[in-house]
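Per-chain numbering from 1; labels A, B, C and D assigned in written order.
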Amino acid sequence: MTLHIVNQSPYRTSALRDCLDAMADGDALLLIEDGVYAAGAPTGIAPIPAGTYCLQADAVARGITPAKSITLIDDERWIALCVEHTPIVSWF
Amino acid sequence: MSQITLAICRHAPYGNALAREGLEAVLAAAAMDQTPDVLFTGDGIFQLLPDQAAGEIDQKSLHRNLQALPMFGVEQIYVCQRSLEERAVSSNRLAIAGINLVLVQDTGGLISRYQHVLSF
Amino acid sequence: MIFSLVVYSAPHAGESAATAVRFARALVDQGHRLYRVFFYGDGVHSGSALAAPPQDEQDLLGQWQALYREHGVDLVVCIAAAQRRGVLSQSEAQRLERPAANLAEGFELGGLGQLADATAHSDRIVTFGGSA
Amino acid sequence: MSQSVTIEGREIPLDKEGYLRHLQDWSPAVAEYMAASEGIDLTEAHWEVLNLLQDFYRQFELSPAMRPLVKYVGQQLGPDKGRSIYLMQLFPPSPARVASKIAGLPKPTNCL
């Protein structure tokens, strides 16, 4: 199963949309850096799948409160996700 | 048999160095007999447009570099069909001599076959 | 598990240079092996010894160098990308007849073959993309 | 140390490794000079490969590494010549690098 990592705001580039188009069943999605702007209120640009992960520090830093369906994680859990998944694809 | 590495090219040529440097990385790996598979998706499909006259902006033609792929042992590339449709680019404009263009609908399924993905 | 990282963003330009070094530190702290960090594109600026950020800002160069000192992490700056952007070792500066060298201690210049080699020798590759 | 040579009455600036500073300065006489500095006396067999390298560069805007060079030579000149040993005999010790230099292609970015 693939781990997809998105670090771009959904309002600025197509990274998130391209990523969602390329997700297979069972894949995981992690939002980091400006990608966390997709984790707040529903954007209307692209619905975020349930079970999506969000790097907590990046959300907190930006004053973003992620939706309830999103799992907040730290760097350790991020690494664990990398161990659990292959390949790892970054969208930027 | 699936390969170890997939290179995903999703940036347009010229506006971003990543398109050229991604291709250089693919060529370098191929020259070392570690030829990756290559997927063009998103704006990366614009790299494949014919009639690029990059000399007009004092750049080298990425399209000509792409034509060298068969010399490096890359004889097939994957192209995301949805990206082509979104951008109104017809796949029959994209022919490159010596390269078999494989249109992909299920990019997620393709990606899942590899151990490593390098994004460019 | 053996990891390699690929870094595209210049320090203090895109955030991902900082994310990458934080991730790298967390990796080795958890006992994973970091086989190589490959700096490509604008990421090659990470290897410049001339960066002098103010004291109240992150010292990314120092953090990479600490990883090199403490864990022998292989910090490879792509030579082709570095030549274009002006990150040169002493010998490259001489060879290319440039007036100064700036490759920081702990970093080495290497070819793109080192990226291919990293994919062959790592269980996982994580790319830290640019933002431009 | 920068240098220049005078070839056919023209002054040609070279960098310290003997590469042309300006690619447009290349001429067959310049090639003869550069080959001599690599200890190579250019024969027809050499020229056949040099011309192909220039074709390769015109076609692809790239200087070839060894693997594509061998393939290209094989396609154009036949399998007997499309072998690394053949190119090695003509342009020792590193055919892609040495022949590219003599053919007036850009200096490679990726060799230390």
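The rule is simple: contacts are C-beta pairs under 8 Å (C-beta built on N, C-alpha and C of every residue); 3 or more make two chains touch, one makes a residue touch a chain.
What you are looking at is a predicted structure, and each value in this text was computed from that prediction instead of being measured.
Rounded to whole angstrom units, the spacing between the C-alpha centres of subunit B and subunit D is 29. In whole angstrom, the spacing between the mean C-alpha positions of subunit A and subunit C is 25.
Touching two or more other chains at once are residues 110 of subunit D. Taken residue by residue, subunit C touches two or more other chains at 8, 80, 111-112, 124-125, 127, 129-130, whereas all remaining positions touch fewer.
Across the assembly, subunit B contributes residues 28, 116-117, 119 that each touch 2 or more other chains.
The touch graph of the protein chains shown belongs to none of the named shapes.
Every pair of chains that touch is listed here: A-B, A-C, B-C, B-D, C-D. Contacts from subunit B toward subunit C in the complex involve residues 4-5, 16-18, 21, 24-25, 28-29, 32, 34, 36, 116-119.
The touching residues of subunit A, counted against subunit C in their complex, run 5, 7-8, 32-34, 75-76, 78-79, 82-83, 86-88, 90-92.
By the touch rule above, subunit B contacts subunit A in their complex via residues 6, 8, 10, 41-43, 82-83, 106-109, 111-112, 114-117, 119. In the complex of the two chains, the subunit C residues touching subunit A come out as 1, 3, 8, 15-16, 19, 22-23, 26-27, 30, 32, 123-131.
If you check the complex, the residues on subunit D that touch subunit B are 56, 59-62, 64-68, 71-72, 110.
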